[in-house]
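In the two complexes that follow, chain A is the common piece, with chain B as its partner first and chain C second.
Then we have the complex of A and B:
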């Protein structure tokens, strides 16, 4: 067997195993689908009247918040991969993987692939729920594609972040910290209102949060005031690449330290 | 004294409850993975919502509570209480998975005391959280016209809400014994929070959500806190809030006791 075929086999096996978690863990999918949907409804219901303000780029607050909920669901799906790694470490299964001749980066690649796959489910279900509730796809096919790229990319970032924490803490109790990180990344941005309506410290901070640009990438799908364009796309792609690179490198470094 | 006599002795059981509450509180305060969701996350979200949605004050019908942060801090108290409850449930599940809970069951301790210890510890945590959140909001411009009495009422309501959340989370932990499931329940805190007028006045909520909020007991708790802090009956009724919070705490604790008994029967 060639090195590439072997690597592919190992990556695919770890990918399959990570996907099997969906069937194996009771309630494992709940936070990735049901919670963001109820969060979508709750937030839209809570802050609905904000869209009455002038300078708000859409008359539907649901359309504003829908891409955020998709990112949330995808982020939880990615973060769950980190929590599962923490469990594998705590229960000793990861030590067995480390004794195998598999190249170390593949031990992270399989779960990342699983995160990408798992993210499709909450994104699709949440988006469908939004469409059923009356949100329009103002961005057409381009906007839809941008939303999926943002969601899957964000799941990868969340998975790498989760695995970094799992390799650092080596305990299942790091789970809430992983999810909190996803929450914070999303909320310290233009989550609730556009930049022009932000006041105080968040108005200063949000432009420096990469997730602001990932949200803008995703919002091309449903927010009429954010037109599908390369100008609204490339900052989000760059932000995803930067965050992925950062947490990927840190996770690999921690994995090397773990192996020693 | 026999095991049965120890289990019936109120003084002994009071010491057990106090010791378990103290242990639960120490675990909460020592571990970053519990401290962050219980203290840091609500403060960050308070800062985000106070800054991110403060333009809402320009909406017609938004009540005047001085600084916007003074209005939304009531939601933060409830959020902290719910998160504190969930982390208490996670601790319970960790005790079950780690075997500590089995050792407790082998001791001459009344089963109800085990639940009350966890719930009591979280109630104290809820009070601590409330004091911290109110102090931080005050530092950033919130003013409490209700004075010391209003603040004390708000802290009491938050403490009871934390006890209710802890009872509910403990019931789930005892019924399932799954640490992972408890960790996955974390986002549901926001479901409970956003189906109450936590950060927006009930009158300005979307009509469908308003209908849900009308029957959500947390609505009365959060409005009670707001009314107590600002000494304004138009914002809510502290007494109704107290009744709702106490009812939730008692109901959730009873549920946890039932889950404990069900667990005993099945193991």
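Then we have the complex of A and C:
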């Protein structure tokens, strides 16, 4: 078997294993859907009139907050992959993988692929909920694609962040910290209002938070004032690549040091 | 350090420290190809730490180890290709079925899908789990999980198999089944490194035994060699008439060291063991001494353990 075929076989096998959990743990993905939908409804209800402000790029606050909820769901789905790795480490399953000859990066590839797949469900359900509530896809197909790229990419980043913490702590106790990280990344950004309307320390911090640009990428789908364009796309892609690279490298480094 | 062609495992000066605690403290051992090596010691003696080093899960803080001729630190990937590992806790995904787990293990070891399926079926037959193959692991008993764990360790036909306390917590029947399987594997030529806290298990399975205590190997040899270190077997001769005891002791002096036990008992310590029974009975018959019973007491690894460590090999869950 060639190296590429072997890598593909290992990645696919670990991906399949991670996906079995979705099929066999009924309701396992529900928290990644329900919490963001509650957030969506609650926030849209409370802050609906914010979109009346002159600098707001859409007349629908629901359209503004919907991509955020999609990212939130995708992020939680990705973070859960990290929490599952912590469980595997604690329960000894990961030792089985480590005693196999599979190259170490492949041991992370399977869960990353699983995170990408898992993210599709909450993203689609939350998006559908938003459309049912009256949000329009102002960005057409390009915007929709941008939203999915942002969600799946954010799930990968969250999975790598989660796996980094899992490899560092080697304990399931790290689970809440993983999700808190996702939560903070999302909310310390332009989550509620555009950058021009932010005040105080958050106005200073949000431009430095890469998630701000990932949100910009996603909002091309539903926010009329953020038109689908390369100028609105590349910063989000760069942010995803940067965060993915950072947490991917840290996770790999921790994995290499795992047996020390 | 050089490994002979026949050596499956060579360990020299192996140590692993956690802060100030030396879990493994200068272990030297050699396991020949095709041998079952029993690594015996109580909880916390350093058995599992040694196995984790030999299976590349943990790096040593000193010393070196070769497995199938490959250095566990510098050639870890090569080591992983030739070893099979069943660790202390059979870590199996409870959501997966036995068949799925075997196929996953096959993929991890580079078997093509068809080959992995074929090998998985053969192993399911071998460990008698074909009927349960499509059940989730959550429904398996402890014995079934251990058997599946063993099957998973064999998917890629490893040269060296590491079994870390494979029967801990199993009932006697499951334990006997697993022992039979280990013997069969060894008959097929697989080298087995078996850690256990059960003296009986080491005695039943191992060609050679290393006793580890507080991170150091304190005795090593075949079970018979080790038992010989604590003395020859003792024959307990019970007489019918206490008045014959003196005469019996005198007559039996030629067969070994004599001690008296109670009014009617004479103990004869003889290197011949069971082979001394017939001559002893004959001698007593010729001396006109009537014998009630003769019992042979051979030293056990328990005695060896006690002699070399100064404490008993305590196991919370000793085999029945």
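Everything that follows uses one rule, which is that the second predicted complex is superposed on the first by the 254 of 260 C-alpha atoms of A that agree within 3 Å, B and C clash if a C-alpha of one lies under 4 Å from a C-alpha of the other, contacts with A are read in each partner's own complex, and residues count from 1 in each chain.
Simple rule for what comes next: contacts are C-beta pairs under 8 Å (C-beta built on N, C-alpha and C of every residue); 3 or more make two chains touch, one makes a residue touch a chain.
Here the structure is a predicted model, which is why all the values come from computation and not from measurement.
With both complexes brought onto chain A, simultaneous placement of chain B and chain C is permitted, the two fitting side by side without a clash.
In the superposition on chain A, no contact is made by A:239 with either chain B or chain C. In the superposed model, A:125 makes contact with neither chain B nor chain C. Of the two partners chain B and chain C, more residues of chain A are touched by B. In the superposed pair of complexes, A:42 makes contact with chain B only, with no contact to chain C. Looking at the shared chain after the overlay, A:100 reaches chain C, while chain B stays out of its contact range. Touch criterion not met for A:156: it reaches neither chain B nor chain C. By the touch criterion defined above, A:203 lies against chain B but remains apart from chain C after alignment on the C-alpha atoms of chain A.
Within the superposed three-chain model, A:17 lies in touch with chain C and out of touch with chain B [touch as defined at top]. When the two structures are aligned on their common chain, the gap between the nearest CA atoms of chain B and chain C comes to 14 Å.
Within chain A, the residues touching chain B in one complex and chain C in the other are 25. In the complex of the two chains, the chain C residues touching chain A come out as 55-59, 77, 80-81, 83, 85, 87, 89, 91-93, 95-96, 100, 103-105, 107-110, 112-113, 136, 152. Of all residues in chain A, those touching chain C in their complex are 1, 6, 9-10, 12-14, 16-17, 20-21, 24-25, 91-93, 95-103, 259-260.
Listing the residues of chain A that touch chain B in their complex gives 25-28, 30-31, 35-36, 38-39, 41-50, 52-53, 76, 80, 83, 87, 169, 171-177, 179-180, 183-184, 187-188, 190-193, 197-203. Residues of chain B that touch chain A in their complex: 31-34, 36-37, 41, 44-45, 47-56, 58-59, 86-87, 90, 94, 176, 178-181, 183-188, 190-191, 193-195, 197-200, 204-206, 208-210, 212.
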